[in-house]
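Next, two complexes with subunit A in common: one pairs it with subunit B, the other with subunit C.
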Partner chain A sequence: MLLYTLRRILIMIPILIMISIVVFSLALAMPGDALSGQIDPANTDPQYVEQMREQLGLNDPVHVQYARWATGVLQWDFGRSFNHRMPVTELIGERLPNTILLSVMSLMITYVLAFFMGRYAGRHPYTPGDYGIQGLNYLMLAIPSFVAAIFAIFIFSFQFGWFPSTGSVGSGLEAGTWDWWVSKIHHTALPALVLGGLTTASYTQFLRNDIIENAQKDYVRTARAKGTPEGTIYNKHILRNSVIPIITLFGFDIASIIGGAVIIETVFTYRGIGELLISSITNRDYSVVTAITLMLSVATLVGNLIADLIYGVVDPRIRVE
Partner chain B sequence: MSAALTDQERIEELKKKAKKQSPWAIARRKLFRNKLAVISLVYLIIVVIAAYLAPLISPHSPTLVDIMNRNSPPGDGYLLGTDRSGRDIFTLLLYGARTSLTIGIVCMIGIVLLGTTIGSIAGYYGGWVDAVLMRFTDFMMNFPFLVFVIVLASIFREAGIWALILVFIVLGWTGAARVVRSKMMSEKENEYVMAAISIGGTPFKVIRKHLLPNIMTTIIVQATLLLAVMIVAETALSFLGFGVPSGTPSWGNMMQEARSPTVIRNSWWIWIPPAVAITSTILAINFIGEGIKDAFNPKSAR
Partner chain C sequence: MSSQNALLEIDNLHTGFNIDGDFHHAIKGVSFDVKPKEVVCVVGESGCGKSVMSLSIMQLLPKHNGKIDKGEIRFNGKNLAEYSEKEMNNIRGKDISMIFQEPMTALNPVLTIGFQLDEVLLNHSKDSKESVRKKSIQLLKDVGISRSDQIVHEYPHQLSGGMRQRVMIAMAIACEPQLLIADEPTTALDVTVQAQILELIKKIQDERGTAVMLITHDLGVVAEMADRVVVMYAGQVVEQSDVDRIFHDPQHPYTKALLGSIPKMEEEVDELNTIRGIVPTLTKMPKQGCRFVDRCPAAMPECRQIDPQLGETDKGHTVRCLLYEESRPGEKAEVRS
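Up next is the complex of A and B:
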């Protein structure tokens, strides 16, 4: 297992370098100064721009610029945000906890919902309850996340007034206090419900089909023949086998979770990384865009790696290649 | 009378039967027996016709701005009301359907062509060709689709709709390529492929004439799924303000009005029509895709 892990991590290094080159090329293609973020995007005086470019080394050969930028990134230096007047790392550090909270809550919602719905539908296939769950799944797969978010705001925030429709925490609360945390969770609940609820569909379907398939297998027949109660067969024998594959699903899903988070955060003006990405593009704050693009790509890569590793633990066959 | 039939006639009869039982015929019969798929197909055809006949059907011009009737609820000369700048929602919905469907269909065709080409080459040749192409595909898959679409679309914002379509195609082909490749690899082990090669068929001819027809069902199913994904991607991107230029009506641009909480709260007629249109269209496409998959599956007995 250790050897397998090391090998997987070693393979990642060249991929990381290639990703960084792609992101760097994108940064060069962006208008203005997307690497250091020190040229005022509003000042279009050619003399000022040329002077700053010379000063920041933006007229150097491409490989020199890449080396300088990559060295900075390795030292956790992504330049400065012109709009926010602070280092990009600091800005992202402010927003990252919100996005992590949102992702963790939505993942929890996904797993809890998928577990109960998938278990029910798998144990009682082709019954009205199963058809109801399947219908719900089809709807959740079809409805785009921003549409679902707007419906959720309309119903839960405006009609019922249960959840706030914008922001990530109430104003006038001191960070770290009990009230602050309650407000934070209250603000995160609705976006997390939308984000988590929509991803539930594929997980539920996966669990349901796996349970139905497992129920046909010999070990289940053996258990039945021994006189094991039906509840024990489903909850102990089958569920243990069927739950494992869905644990690893999220790692492969991480790219779509990130994409979903960008949209959901923007709709709810939830102050996370995704909202920062969109507002930075709108405000032409391209150094922030470069940093977030790189971070999210690396997050996807790491997510895939973790999924592979967990899969390797769960299913020893795939470690042997 | 069957007893009066000669052998020759019986053979003809069997031949006819055999002809009727071609896989495509079986699939079509199964598809048309699937009520959900048929209803979805009818619905989708109506949407497509309405979209492309928009100039004939729509009661107003999409650029007509009625200053006296801004943000007015349904009724009163406007079937579905007007938006905040005084444009007719129903008209926008029809023209928007045209934009969103066209982008979805063009992207789907582009992705299917690119994905099938790369997947076929990788699967057919195997070896180092396959290794290089698949490492490249895996590499492309590392990029979170939506984030890169947003960043690229914002860089090429001035270049218009075709640049947007190109961005979707360049970032979207990986899944299709992988599916086609794995199908191709298992299909080329068949003896008819060896026969085709041994009589001197060039790789291009073997792939196009012999292999592709046999994996066509997979490609069709993949294409329907892609159509749904691309329509969602376009609407999401336009909703965020990075997609279709804001002057062009599209379902995503219509939803963009709902970025403002006051619109969500007070002017439901502005955002509910495009929201329902997008969701129902995607639902219909998914049902059709599911139906086609089922119809071509020899194990399903429907």
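Up next is the complex of A and C:
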């Protein structure tokens, strides 16, 4: 298992280098200064731009620039954000915890809902309950997330006043205190519910179909022949098989969860990475865009690795010596 | 002629499936008994309904389309259909247990051997987990698995087909059942392993006095194991008798053909003397007359019109073929052994 993990990590290195080259090329193709973020995008005086480019080494040969940038990245240096007047790393460091909180909460909501709905529908397929759950699934798949977000804000924030509609934490609270945490979770709950609720559909459907498929398997017949009660057959024999693909699904889903977060954060003006990405694009703060793009690519890769490793842990057939 | 002392009595069993909205019988009027401590072999080609019959006994037909619609299966004199699902669970694995055809898929891939073996013991006793585990390890030893205290922690994919079938046997005998149904337990295994598994079943039967219903299409196995033989064709019993008479005085053309299809070592045969054609599928079954007619070398025109009945030609020897007076309707009606 350790060897397998090491091998998987080693394989990632050339892929990471390729990704970095692609992101770097994109950054070069962007107008202005997407790597260090020190040229004012609003100042278009050619003389100023030329002088800054020379000063920042943007006229050097490409490979020299790449080496300089890559060295910086390895030292966790993504240049500066021109708009926010601070290092990109610091800026992202401020936002990232919010996005992680949102993703984790929405994942938990997804798993809890999908587990109970999928289990019920899988055990009682083609019953009114199953049809109800399926109907709900199609509805969730059909509604675009921003529409759902707007509806949720309208109903739960404006009509009922249960949740705040904007921001990621109440103002005037000291970071780290109990009240601050409560306020943070209160602010995150509604976006997480929308994000998690919408993803539930595919997870539920997946679990349901897998349970139905497993119920036909020979090992289920063997369990019945031993006199095992129906409840145990579903909860131990079938579920133990059917949760495996579901558990690993999320590793592959990290990219789409973050993708979903971009939209949800923007609608809720929730101060996370997604909202930062969109506002940076609008403000032509390209060094930030480059850094976030690179981070998302790496996150996807790491997500796949995590998925594979979890697979190895939960499925005895994959556990490699 | 229902014998008082039979352990299992199958009486005019009809089992069928819903296929595309129509109900088709896979078992049409099967009757025979299994007495305590007896080995009954059920033989017949692929598709003649052997597995469907054993699943009918276990009440494990696929719920969505399978159904017993006529006849009775009595175990110790009581109709199994009258038991509730819960009562049936108390019988399955304890009084009647079953070994399946396919050892590669019959075990749950993500549960340990120990868990799966403990389960049958826990289902039917109030023993503690520790004592059950001890018993499981002993059972694995009994079926010839060495280092059984390690095997309990392993998963099915770590074992060979023969080992898995031994595990299945250990499960099946764990609660000392009165009847063991073995549905082609060796078909999927290597020849050498086949012999070992059969020997194991024979040994268990000898030592514990378990009645065995062994399903097979290998007549070599029948000769080795059986006290009595039931020959099935297309969902019906066509002949049954004790093992000697089946081999030395076969009466039904199908039985004769089956016996003819065993390759004899001393003869120089280029081609196996197999029976032409295959068992008709459920939807293509003749509605009237003998079901074997299209493949029967002795077929007569009337075979397409008259349904042959199971008739007793000799004491304890029954046959379903119009060549025998006893099989004609209106003579002696359906007889059971």
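Heads up, the rule we're going with is that the second predicted complex is superposed on the first by the 312 of 321 C-alpha atoms of A that agree within 3 Å, B and C clash if a C-alpha of one lies under 4 Å from a C-alpha of the other, contacts with A are read in each partner's own complex, and residues count from 1 in each chain.
Note that a contact is a pair of C-beta atoms (placed from the backbone, for glycine too) under 8 Å apart; a residue touches a chain by one contact, two chains touch by 3 or more.
Source: prediction; values computed, not measured.
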*Please tell me, clash or fit, for subunit B and subunit C sharing subunit A in the overlay.*
fit
*What is the contact status of A:H187 with respect to subunit B (first) and subunit C (second): first, second, both, or neither?*
neither
*asked:* For A:I153, using the defined touch cut-off, is the partner it touches subunit B, subunit C, both, or neither? Pick first, second, both or neither.
replied: first
*Once the shared chain is lined up, is A:K226 touching subunit B (first), subunit C (second), both, or neither of them?*
second
_First (subunit B), second (subunit C), both or neither touched by A:R80_ = neither
*Taking the superposition as given, does A:K236 touch the first partner, subunit B, the second, subunit C, both, or neither?*
second
*Touched partner set for A:R208, first subunit B, second subunit C, both or neither*: neither
*When the two structures are laid over each other on chain A, which of subunit B and subunit C touches more residues of subunit A?*
B
*Should A:I15 be classified as contacting the first partner (subunit B), the second (subunit C), both, or neither?*
first
*asked:* Nearest approach of subunit B to subunit C by C-alpha atoms in the superposition, in Å, rounded to an integer.
replied: 7
*Report, in rising order, the residues of subunit A that make contact with subunit B in one complex and with subunit C in the other.*
none
*Would you tell me which residues of subunit A are touching subunit C in their complex?*
216-219, 221-230, 236-237, 240-241, 244, 315-317
*For subunit A, which residues are in contact with subunit B within the complex?*
15, 18-19, 22, 26, 29-31, 138-139, 141-147, 150-151, 153-154, 158, 165-166, 255-256, 258-260, 262-263, 266-267, 277-278, 281-282, 289, 292-293, 296-297, 299-301, 304
*Which of the residues in subunit B come into contact with subunit A in the complex?*
139, 141-148, 150-152, 154-155, 228, 232, 235-236, 239-242, 255, 258-259, 261, 264-265, 268, 271, 275, 278-280, 282-283, 286-287
_subunit C - residues contacting subunit A, complex_ = 58, 60, 62, 85-86, 89-94, 97-98, 100, 102, 105-111, 119-120, 123-124, 155, 157, 168, 171
